[in-house]
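Both complexes below contain subunit A, partnered by subunit B and then by subunit C.
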Partner chain A sequence: MLAQLSSTTWEAPPVDYHALAPGIVLVGVIVVMILVDLFAPRGAKGALSSLAGIGLLGAAIPVITLAIDGTPRVLFGGAYVVDQFTLVLTGLFLLTGYIVVLMSTNVIAEGDYWEGEYYILVLSSVLGMMVMASTRDLIGIFVALELLSIPAYMLATWRKRDLKGNEAGLKYYLMGVFASAIMLYGMSLIYGFTGTTVLTEIGAKVGGDLGDSKAMVTLAIVFVLVGFGFKVSAVPFHTWAPDTYEGAPTPITAFLSTASKAAGFVALLELIFVGFYGRHDVFEPLMWALAAATMTVGNLIALRQTNVVRMLAYSGIAQAGYILAPFAVAGSSASVGVGALKAIVTYLVIYVIMNLGAFAVVIAVARKTRSAEITSFGGLFQYAPGLAVCMGIFLASLAGIPPMGGWFAKFVIFGSLVAPGTIQGYALAVLVGVNSVIAAFYYLRVVREMFMEDAPDGDLAPIRVPASISIALVLTVTITLIYGVLPGVVAHFTDSVNLVTLGR
Partner chain B sequence: MKSFLDSWGLTLATFLPVVGVAIMLVIPKAEEQLHKVVALVTSLAVGVMGVLLFTNFAYTASPRYPQGSGDFQFVIDKAWITFINSHYHLALDGISLPLLALTMLVVPLCIIYSWNHFPEPHNPKAFLILVLILETGMIGTFLAEDLILFFVFFELVLFPMYFLIGIWGGEQRQYASIKFFLYTLFGSALMIVSFLALYFLAPVSIDGQVVHTFDMQLLSVGARTLSTTAGILIFGGMFMGFGIKVPIFPFHTWLPDAHTQAPTVGSVILAAVLLKLGTYGFVRIAVPILPVAARTWAPYIGALAVIGIIYGALCCLAQTDMKRLIAFSSVAHMGYVMLGIASLTTFGINAAVFGMVAHGLITGMLFFLAGSVKERYHTLEIKRLGGMLTSMPHLGWILGITTMASLGLPGLAGFWGEFPAILSAWQANVANVGLFRGYMVVAAIGTVLAAGYLLWLYQRAAFGTPPEEFANDSHLHDVTVLEWVAWLPMLVGIVVLGFFPNLIFKVTDPAVITHVISHVVPVGD
Partner chain C sequence: MLLNQFLFLAAILFCTGVYGVLARRNGVMVLMSVELMLNAVNINLVAFGAYRHDITGQVFALFVIAIAAAEVGVGLALVLMLYRNRRSIDVDDVDLMKG
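So, the complex of A and B:
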């Protein structure tokens, strides 16, 4: 066998360096950062945060040139694709990474954490997400998942002398590995049946006549999807999320609940729309149940939270439920499928931005109050009206109230659910509606605390917001509002998103 | 001028308040006087814009507008969210005009009224910013001709009102504000699902091309293809959305709390305009787009309307708090409006629109009065009031006129909202005419009850001798100049509309015929 392998001459596939440029730039930045970290004196590591930020923006330049170019690029026999979908999400991940770096700067520097490693790990994780947005291959998806997760496990436990920090990292790690194992098992079954790891080819085979293997393929699909159910913290695989979020440094919590979750959804999108689309009899009911359970349970538990970060964690779980919902009807027809895809991508973009913004406020407020209890937000409007208004905007957006961006996100979800005109779709749409009301209650509790209560201890000293967090806030508020008032402008980007092979 | 108004009039009218908000945002909080001036000037500028629009509006048939006020005028129609084919589509016609005028009148009066007495915790900047955002939301709702645009404006009013109640309200303000918010949000979630269902299920063909649209005018023609069941369900979703806002019994429970706890200005805007967003939704959207379903729903809506009339009246009789009494009287009065709409007749819907304006003026005025009474007596307990006519004759007389108007005395505006609505039920455009005649009788009994609770209120508050505890109270001063300025326009409106109801009926009638009734097939066809 060895002889056989060595006898075939290996030819390097043609490589489109333009298409790979964002990743290459980011790898270069990471290498430079490692070197700088190695040689920089201990006091000068603050520069790494700027370097990380500049690196992320630099990686965005090829994304823009690729977008201007506009032609979809297919590499490595269809295993790696750079199209509109890739670009939108790559851009989103880079932006998220940038905002997370902005949010981290002061927290990490003041907390006397390991700055060099921190930013390198964040960038590595972002790199994994970018790969995830491009890959159309089971192995690629797995590698991307590990590349984005392993740094995240470490980041989650960054406060290593803190008991909760340890709990956060360990829980996240064990659950993540467990999920990976299940997913890999499913992938191996699929590979065993189809003989390929490229999603388009899998799509053709899985969507065709399965013969005796139906049960096996069904099981495989369920395993793979469940594996990502952990990643996006869908109920009942969500149990790690609140503890991890609470224990991790808040910027990392923001990162996990936005970018990391979005990456999980990107994988789900690729798997379902390219790989398993023909088997909508399998993924639709599964996703219906997951979506319904996720949004309802997430919201109901969020009602009882007294800690803002935990509340945002559960609200994130509920939001994941909304994002899962369009999957439940995506198989009705090709046009419904495309609609569902666009709805999910749109929601992801808005969700990531508004949630990041909310975390930025939490970080800024915690600088003064040293607490994340909801009561610690009391009277915020009196001593930090700007922060209070920003938080109000993000919470209103999360609740889906116009003219904040969240309304449009929720609207496209409703749209994709109503589009097929099926009972399942309508039922889920009504469920989303009911859940929005439940969710509004706990979002408004924070609003009430900020605007209608007095500050605890009557402490009205203003909050000094660091410049980096101000930038993060300006960015997120602006995008949130623009999305709400002129959804058309932003929808322009997500509108052309397509995962070509919606065939069955 | 005309061409300027045609292209910019409605946009300016809608978004001028936002400009004011932007200016106020950059002015420091301490410059209270400046904030008040900017807010007042902004709202007056909106009013001027309104006057320009109303004077250039073609009320009677002209070559350009053959239907007169029944035609959409000053139309702006630009693509907004292209991929769902939603348009920035604003237009003014005879149905929206009176309501627009009401909004533009009430907001500046509210700002004037609150000039020197902002409720605790003061902060005029935030308060006035919220009022101006509210104005944009309300005006936009009355002008929107696209369901999504309508939805956005409809929801835009939620947050300002939530804050007005929750920050500046009474003791139970937090409970009341969240109740108001969640109730409305629940309704609008179902409403948006209905709008989307319409979008997908009722494609419209334009020039041979079948397109999905949110345009109200196109949908009111296109939705004919909808199956009956789908229509009834979609109407149900809208019913929840609009009905909660009206509010229709049994979804009214947020209203007494919200009204009682809201600051005076909040109550006035809530009563005068916000409730009308619901009834306007029925007239503008639900009935024209889904006339067949409306016919099916009409008996139930009618039933809930008359239950609301009687229930609201009985609740009024049981109230000991003046503000809460007025709040429940709103439930009853909006019942008449809903009865007029449910009759599905030209007469009834005209009466409904008139009723909206009349109720806006009268109940808005009553809440102003309640606010002033509270400020003077520091209580609204009816049994602790009394002798207002001797201690503060002007205030007493104004209260008298307003309660008379509210109970539907001919010659004042309230009469023309109630009486034709009741009358329209006689020959309702529904399958079961007898049922509506039954409603008519019940509604008529409701007017008697209304006279009962209003006169009783007036008698307890204004007649007799002033109670001893307030005998030497220096707070009991008569109507102030600011109050006169804020109230006179509304009082004049109440009287003038009472004598010349045609001022409104003439405007609404062509619009009601072309935009509502023409879609409703007469019974028997």
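So, the complex of A and C:
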């Protein structure tokens, strides 16, 4: 092996720096932030949040120039691809990161937390998600997963002296590393039986005749998909999510339940549509069971919650079930597969934005009430009508009531589920419908509390909403409404999405 | 080359690791069990790489080793923090919130 190494001459691969520019800009910003954090005086650390925000917007510039250019770029022998799929999701991750930084600015500055490290870790995690959106290789997916997860473990534990914060971080960490070890074992077997880590080459091999090793490849696919089931908090691998969400600082909860979950789905999309598409006999039943269990269990437990953050955690689990559903029918034919892919990406974009908005309202309200109980939202409309209306819009959107964005997202999911015309697809569509009705109960309970009840302690002093949270709210409300009222205008962002090698 | 022996060793190591994660209560032991699982992966990767005369397996194993070190660094920090706050590293005692 070593002799073989020394005999080959090293040849540097051609590197397309334009395609890598978003990541390079973000790495540059992270390095600058580390230096600023090192030399800045203690009182001036607040500038780091502005720097993080500007850095995320700066990284979006090459994403836009790449989108205008429009040609798919393939680097490193197919291991790193920049196409429409990558650009839509990279843009989404950068926007999510920006909104999370906006939501964090006041919480972190007022809480005597470690400001510099906080933003550096958020940006590192966003970098991992961007890599996840571009990579089409098992090694790349693993590195991206760890790059986005390891900072997230630390961010979840950010309140070091708080026992709930400790518990949040520890549970997230233990579940996370256990899941990634299982996923890696599956990846090692897939590498062993196909001889490659590039997803397109795996895709060409796993669907073909593997002889005796077919059973092992099936096992390996199940291991890899189950590993990501933890990441997207699919039932029965969801137990960490509510505890971690409750114990982590609320902006980080928003980050974990949107961006981190979306990154898990991006990995699933790449693995299933590029790598394992030929083995739809394996992933379809698995995804069907996961989707059905996830949406039903998530919704039923969400009904019982009295804490808004825990309710949003379980609602996020249920929403993950809806996003998993199109995977269960994706293998019927290439056109159905493309439809399922577009439905999932559309739902991801809308879910991330509306959920972030809901968390922004929770953060703004908690600045006054110091509580996240549902009853603490009582009478919100009387003293903070703007926040109450925003929360109403986000909850209605999560429930799928027209004309909010969530309605359009549900609509495309239904469309993709009935497209193949199979009994499994119809059954899952019915389950999604029933679950949407159950979900409306607990979303509307919060709305009723805000508009119909009186403030619990009769305190009607208005809430002073900081400028950064107002910007986050304006961004999220606008996108949620545009997606609901004018889906045709924005749908072309996701219409062009395709994973090049789809089809058998 | 005999591939099977290596795969059996890796499978046994992996199962030992899974058992350790699920059954052990001491935080450090849980971390060590995760390491056993990751080392099973490394044995798999290196054995497959050598069997196929392909360098990718070794490269993948190097990535796994490096990232596992970073992961365990964070894990030990979490266990240390737990010890400072609670004077115990029993992971089953961490149950303020229940699922």
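The rule is simple: the second predicted complex is superposed on the first by the 502 of 504 C-alpha atoms of A that agree within 3 Å, B and C clash if a C-alpha of one lies under 4 Å from a C-alpha of the other, contacts with A are read in each partner's own complex, and residues count from 1 in each chain.
To be clear about the criterion, a residue touches a chain if its C-beta (ideal position, glycine included) is under 8 Å from a C-beta of that chain, and two chains touch if they have at least 3 such contacts.
For clarity, every value in this text was computed on a predicted model and none was experimentally measured.
**Q** Under the stated touch criterion, which partner chain does A:F411 make contact with: subunit B (first), subunit C (second), both, or neither?
**A** Once the two structures are laid over each other on A, A:F411 reaches subunit B alone.
**Q** Check whether A:F142 is in contact with subunit B, with subunit C, with both or with neither, and answer first, second, both or neither.
**A** Only subunit C is touched by A:F142; subunit B is not.
**Q** For A:F223, using the defined touch cut-off, is the partner it touches subunit B, subunit C, both, or neither? Pick first, second, both or neither.
**A** A:F223 sits against neither subunit B nor subunit C.
**Q** With the two complexes superposed on chain A, say which partner A:P487 touches: subunit B (first), subunit C (second), both, or neither.
**A** It touches subunit B, and subunit C stays clear.
**Q** A:F377 in the overlay: touching subunit B, subunit C, both, or neither? Say first, second, both or neither.
**A** After superposing on A, A:F377 lies clear of both subunit B and subunit C.
**Q** Of the partners subunit B and subunit C, which touch A:Y322 in the superposed model: first, second, both, neither?
**A** Neither partner.
**Q** Classify the contacts of A:Y443 with the two partner chains as first (subunit B alone), second (subunit C alone), both, or neither.
**A** It touches nothing on subunit B or subunit C.
**Q** Mind pulling up the subunit A residues that touch subunit C in the complex?
**A** Touching subunit C: residues 1, 4-5, 138-139, 142-143, 146, 150, 153-154, 157, 160-161, 163-164, 166-167, 169-171, 173-174, 177-178, 180-182, 184-185, 187-189, 191-192, 195-197, 239, 242-243, 246-247 of subunit A.
**Q** Quick one: which bits of subunit C touch subunit A in the complex? Just the residue numbers, please.
**A** 7, 10, 14, 17, 21, 27, 30, 34, 37-38, 40-41, 44-45, 47-48, 50-60, 63-64, 67, 70-71, 74-75, 78-79, 81-82, 85-86, 91, 94-99
**Q** So in the complex, the part of subunit A that touches subunit B is made up of which residues?
**A** Those in contact with subunit B are residues 342, 385, 392, 396, 399, 401-403, 407-408, 411, 414-415, 418-419, 421, 426, 429-430, 432-434, 436-437, 440-441, 444, 448, 451-452, 486-488, 491, 495.
**Q** Touching subunit A in the complex: which residues of subunit B?
**A** 29, 79-84, 148, 151-153, 155-156, 158-159, 162-163, 166-167, 173-174, 177-178, 181-182, 185-186, 189-190, 192-193, 196-197, 199-201
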